[in-house]
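Two complexes follow with chain A in common, the first pairing it with chain B and the second with chain C.
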Partner chain A sequence: MNKLKEIFGGDTRQFGMIFALVFLIVLFQVLTDGLTLDPGNVINIFQGNSYILVMAIGMVLVIIAGHIDLSVGSVAAFAGIVVAIAMRDWGIPWFVGILLGLVIGALVGAWQGFWVAFIGIPAFIVTLAGMLIFRGANQWVGKSNTVPVDESFQTIGAGYLPEVGPKTGYNNLTILIGLLLCAALIGGAVRNRRNQARIGADVGPASVMWIRLGLITVAILAVAMLMASGRRGTSLPISALILGALVLLYGFISTRTIIGRHVYAVGGNRHAAELSGVRSKRVNFLVMMNMSILASLAGMMFVARSNASGPFDGVGWELDAIAAVFIGGAAVTGGVGTVVGAVIGGLVMAVLNNGLQLLGVGADMTQIIKGLVLLAAVAFDVYNKSQGRRSITGLLTQNFGRRATQDTTETVKQES
Partner chain B sequence: MRSLTKVMAASAVAALALTGCGRADEETPTDTAGGGASGAAEAFPKDALIGVSLPQKTSENWVLAENLFKDDLAKAGFKADVQFANGGVGEQQNQIQSMVTKGAKVIVIGAIDGAQLGTQVKAAKDAGATVIAYDRLIKNTDAVDYYVAYDNFKVGELQGNALLEGMAAKKPQGPYNIELFAGSPDDANAQVFFDGAMSVLKPKIDDGTLKVTSNQTAFNQAVTQGWKAENAQKRMDTLLSASYASATLDGVLSPNDTLARAIITSVKAAGKPVPVVTGQDSEVESVKSIMAGEQYSTINKDTRNLVKATLEMVAALQKGEKPTVTDDKSYDNGVKVVPANLLEPLIVTKANAKEAYANDPTLSKVTG
Partner chain C sequence: MVDAAPILEMTAITKTFPGVKALDNVTLTVRRGDVHAICGENGAGKSTLMKVLSGVHPHGTYDGTIRFNGADVTFNNIRDSEHAGIVIIHQELALIPELSIAENIFLGNEETKNGVIDWVRTNNRARELLARVGLVEDPETPIKNIGVGKQQLVEIAKALAKDVQLLILDEPTAALNEDDSRHLLDLIRGLQGKGITSIMISHKLNEIEAIADAITIIRDGQTVETLDVREGAVDEDRIIRGMVGRSLESRFPDHTPEIGEVMFEVKDWTVAHPQVPDRLVAKQSSFFVRRGEIVGFAGLMGSGRTELMRSIFGHSYGTWLGGEMTLNGKKVDLRNVPAAIDAGIGYLTEDRKSLGLNLLDDIKTTTVSAKLKKIAHNFVIDRRAEHSAADDYRKALRTKTPNVDYGVAKLSGGNQQKVVLAKWLFTDPDLLILDEPTRGIDVGAKFEIYGIIQRLANEGKGVIVVSSELPELLGLSDRIYTISEGRITGVLDKGHADQESLMRLMTKTSTTPTPKDAA
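Up next is the complex of A and B:
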């Protein structure tokens, strides 16, 4: 049994979130007679929630830094309508449209970051104002109308990888990406282990690493094969590809770069961080700006998926993103949380939502159940911490072979 | 080491199960693709799943529609999946996708925003389902098969006729002084109502029977932003003081009941006799007003009939027949002209209110 614990990183109970996700998938798979893991449905789950998950990535960094952003839905809607109108009236091509959207996000983010970081107004207030300002801006720019976007732009929200190569019964590119991802993970873990061994660190038994890698590889390949075996013309959605790339990128930034560590340091204990030479204002500014950029991207992905930008896009998204982050093990007080955790938290909500919809549970009950799950997830984490165990968060990071974050949070905790 | 073996075994089983899953579905692409190509016209089993995706649960009409769909689909032997999208467009999109996954043969959609569902109705179409737009047209996609709604142009015509009849009953000989009100410019239906009414009124204006004293006869002059009562009331106040110091106002074309009551309020405040005012929607307050002899008419668009027409369409599709289509020219959604089954709205005045609302539990009390 010890081996099992090591595989899951110390204590099986702390592995709650991934278990919860697996449990939900299995539960709904049984309840829906196998519809949950139907290829089309797996694709839907990713396509229908990628934009929320993209925002959750930005939100977890904001929350780690000790802030909150309530404006993401409005910012997403604002960027969406400006891009839609720019493409319709100025005839700019889709990639210029996307660039324009990201620039708008950056400007909006700089505006909000300025008030938060340099004037020192709590982010709650600044983004509450932003929520009103940019919702109004969306309706003012779009005159409360729905503006359609053309097909080339729709790819980022509704598109799939093309069919190439020999007919294998699967989408070849999807399988290829799955294999590459597995190879990269295995390669990275092996190299990591070798490096650690070289500097004389304790690396643990090799069998544990291999089984852990085996499980992850099986999971990735299973998802890849499911997505690749859907209806012809569907495969890995482009939106999921964007999400995946962002998870890798931000996972790397948050755990392996100086700026990433600084975010944890500022959120854990701002004064201690400043005394250690962290420029906390700069960190706060960047975190807020980054959030708005990702919100704009999410807005554009939604517009692409909806084929049009409407006056009520983004209403309530901030709550979905924040819920994902907290289910994913972040702490309200800041300093704790991971990108991967937030995405898994978002997936728990997504699978729950999808399963309840497949079962035909009404929108009213769905909201009640989602609320209870949010409360239960956070209560579970708080209980665990009060028992002197590490948060789920630390474990997730550990599971990915990256001890850095956890160490940082631990250090910060000790400092405070 | 024994536990290690267990884990190995477990993961191997998991791997097998999952890959098995992938292979089993290998056949599906060709199957569904084949079904999708010819599926629309083919009959499907009598107990098939029918999805109904409705917008936010905000008005009584939608709640009534939900209950009717649930009960009547079940009565007809279908499996019904009726859902509201209280969370907005994103939720409705996911709901429709879920219905596709569950293999719904027909998906009835009352869109929150008809322009934002292109991807989902395409997925439905590709999976071989028939898509029916209910009450609100789904735009900018070729994947919507039918449209069921009340004929909004007809609503306008009926309002125009009611206005003429009402004024003739009060004063047999013209000319009549009238004013025109239209709905909100961001609502596509507002223009249709107005055009319908003007198709009746314009000839009479041209031949001098009707006189629009303010000369505001264009749609953009007559609009009421956001369908707001206060805006209509303000405009009526202005019109009265500007043009009716000495002239009598005989009639007002109002696109709906809320605006009609605002117009009546304004006229009363100015101390003038209440003119003939049209309406629409059968709101309780307006029906009371009609019974009291103030507002002249309203329009009854009974949700029961709309649901009934939709279910008849579903029944026809189930048998592989072509459903009833009354208009295959008017409803261009930007990509294709959607064949529509348009229901005739019913004009209601004091004369026929009792029989018109006989089936309505709330309104029958008001009229009885």
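Up next is the complex of A and C:
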């Protein structure tokens, strides 16, 4: 049992969520007679949820800094309609359209960040206002019509990696990306371990690292194989590729850079951070602005996938993104959370949604179940805090942990 | 122990947390009617013992037995222990600022008639209880409008409302000034005359010496000894010897100051309160610090000492209205904290938990947090440099921790303070301002922090120490400024200062006399 905990525990705080995710996948795989892990379905899960997961990345930073953003759905819809109209009426190419969307996101974010950071209005209020303002702006700009986008733009939401190289029966690029990712992970882990050992940190047994890496590698390759072996013409979706790149980028920013540290510092104790030289207003401004940029990107991905921008795009997205972040172990009070956790939390919701759909469960029951899952995840989090632990991860590993502590207590007693 | 049956006997109490034995076979016997002091360094297990006694750690989570009033008791929560007549008053007061004194006194214990609060009775009984603790205030005054010293008295009144037999006070005078402390100790004495037994946890050994009838010393989760004051006087050095397991001949290490030229000077510094613009918290304050000098600042609570220091540290408090600052011969204008840190000024806050630490952080992230640039290349943090820097400071300051990945929330007060100190030392300050550097810290750690402060001065840095404890200032400083009502009222050299002369200057008021003047 201890071994198990070492393999999954250690530095992967997301173990609990990974465990839940694997459990759900296996459960639905059995219940749906293998439909869940059908290549088409796996691709569908990623394509149908990447935009929510992109927003969850921004949202986790907002929540770590101690705020919330309710406006993301409206901002996404607003950016989507402006880009769609600009491309239709001005004939601008798709990449200029994407750039335009990101600029709109930045402007909207600057507006909201200004009120939150420099005027000091709670983000809940500012973004509640933003939710109304930008929903209205979407419907005003688009005259409440649906505006189609052309095929070149659809790639970012509905496109796949192209077929290149020899005929192998698989999509070569997808397999290649899977292999590269595995190599990078293994290389990174080995290097990290060497560095840790050099500074004298406790690294734990090598076997644990290798088993862990082995499991992760198998999982990545399995997903890559699945996606590569689907219907001809389908492969790793471009939207999943965008998501993956953003996870790596923001994972790095949040854990390894000065600004990332400052986000955690402001969320953990704003006053202490300020007295340590952190410019908390700037941090809050950037976090809010970044959220709107990512929301715009998500909006464009959705427009691309559904071939058109409409007046009701993005309704309720904020709740999906926020739910993903909290299921992923972030704390309501700020200062706690991870990018990877938020994405895994989002995947849990996505798999749950998809599985229930495949089983033919109605939208009514699906919502009830999703609501209960969110409540349970945060309830565990709160319970854990009262027990002096930090997040849901604690609970799911606690059986191992508790047994381990009991063991040591007993030995102590025998010794004394 | 011969005269009467003890009111409380805790026998062989052992309490284990995962990986740590917080209490190991602790025994505590309290005589009826005594003031019983519990001494020990931070992390020695005093608070855990009181939590076991008051039911915060319920029966069954610890080993050992508790006998109260001659009968075995098993408390499952605080309500149980309060029902039996044991009331604990925590260091952080549990009062609700927006409610009135009377409402706070009867909170959770309301005076009701047919399920409806009887306000006449509530206020009358509150008035009675306030008289018993010697507090002259209208019971309908909101708590937020009275000072912390009076709030402490309200807490005691609240305990009296519950028919307390055994009153536990955790660091009751930590946040009080000398006057309020004296009043509180008198009150505890007075309650003793009315048959109420008290257990008092305190780091202020002079208070313990003055008031305790018996002293139990705890070290590393074990009872070291119980000293019976009735059998013979116990002096501070005796208590310290028990607490640290060694004798501290001189609490202030030897230090021969090598004082150089003036390195920091402030002239006519004037600051207004952030919310009340016409209230000045610093009035044309001027002072200087020389290289290698430890400069003390003495002032009562609310005198404006912290406000002045925080304003100097990048205008981080209040509204700056005027004044000049010279650092290393150059006029500087440091209008925000990053500028102050870059210029070589560090400020260690008096309020460690809410202003000094992010309790979610671990030791290494805290250590480097005030100067991340130092361990980053192109905004990317070098985790190896971070770890080794934190580890260097852990060794240099002798922070007691398994490793630098340990969460700061789990450290004892003294070790937390060392981590915060490390954070400021890491910024390579020329001038380090230490606001109450030893507040809430045990004797052993205090001694070590004094050593660190003197080492800094010996390295040629300027050090400012703000402290409420006059013996500490007298032992440590080369020169002491006094502050009263936002004004610097005097400066005394080491040789010329004593507690009385300082106190006189600290209570010197300019125009309107206040009741404090009596002191």
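Basically, the second predicted complex is superposed on the first by the 384 of 416 C-alpha atoms of A that agree within 3 Å, B and C clash if a C-alpha of one lies under 4 Å from a C-alpha of the other, contacts with A are read in each partner's own complex, and residues count from 1 in each chain.
In this text, a residue touches a chain if its C-beta (ideal position, glycine included) is under 8 Å from a C-beta of that chain, and two chains touch if they have at least 3 such contacts.
In this text, all values refer to a predicted model and were calculated from it rather than measured experimentally.
Peer 1: Under the superposition described at the top, does placing chain B and chain C together on chain A give a clash or a fit?
Peer 2: Overlaying the two complexes on chain A (C-alpha atoms) leaves chain C and chain B fitting together cleanly.
Peer 1: Per the contact definition in the header, classify A:23: touching chain B only (first), chain C only (second), both, or neither.
Peer 2: neither
Peer 1: Go through the superposed model and pick first if A:306 touches only chain B, second if only chain C, both, or neither.
Peer 2: First partner only.
Peer 1: Have a look at where A:195 lands relative to chain B and chain C in the superposition and call it first, second, both or neither.
Peer 2: second
Peer 1: What's your read, chain B or chain C touching more residues of chain A?
Peer 2: The larger set of chain A residues in touch belongs to B.
Peer 1: Looking at A:231 after the superposition, I want to know if it touches chain B, chain C, both of them or none. Which is it: first, second, both, neither?
Peer 2: A:231: touches chain B, not chain C.
Peer 1: May I ask you to decide whether A:140 touches chain B, chain C, both, or neither, giving the answer as first, second, both or neither?
Peer 2: neither
Peer 1: For A:273, is the partner it touches chain B (first), chain C (second), both, or none of the two (neither)?
Peer 2: Only chain C; A:273 stays clear of chain B.
Peer 1: Quick check for you: in the superposed arrangement, does A:35 touch first (chain B), second (chain C), both or neither?
Peer 2: First partner only, chain B.
Peer 1: In the superposition described above, what is the shortest C-alpha distance between chain B and chain C in Å? Please give a whole number.
Peer 2: Minimum C-alpha separation, chain B to chain C: 23 Å.
Peer 1: Based on the A-chain superposition described above, do chain B and chain C contact any of the same residues on chain A, and if so which?
Peer 2: In chain A, nothing is touched by chain B and also by chain C.
Peer 1: Okay, in this complex, where on chain A does chain B touch?
Peer 2: Listed in rising order, the residues of chain A that touch chain B are 1-4, 7, 35, 37-41, 44, 47-49, 51, 143-146, 148, 154, 157-158, 169-170, 207, 211, 214-215, 218, 221-222, 225-226, 228-233, 302, 305-308, 310, 312-313, 315-317, 353-354, 357-358, 360, 362-364, 367.
Peer 1: If we count contacts the way the header does, which residues on chain B are in touch with chain A in the complex?
Peer 2: 3-4, 7-8, 11, 14-15, 18-19, 21-23, 25-26, 28-30, 32-33, 57, 81, 83-91, 93-95, 97-98, 100-102, 112-113, 115-119, 123, 126-127, 139-141, 186, 334
Peer 1: In the complex, go through chain C and note every residue touching chain A.
Peer 2: On the chain C side, the touching residues are 16, 18-19, 21, 313, 316, 336-338, 340-341, 347, 349, 354-361, 365, 369-373, 376, 379-381, 383-384, 387-388, 391, 403, 405, 423.
Peer 1: Chain C touches which residues of chain A in the complex?
Peer 2: So the residues of chain A in touch with chain C come to 195, 198-202, 256-259, 261-262, 264-265, 268-269, 271-279, 335-336, 390, 401, 405, 408-409, 412.
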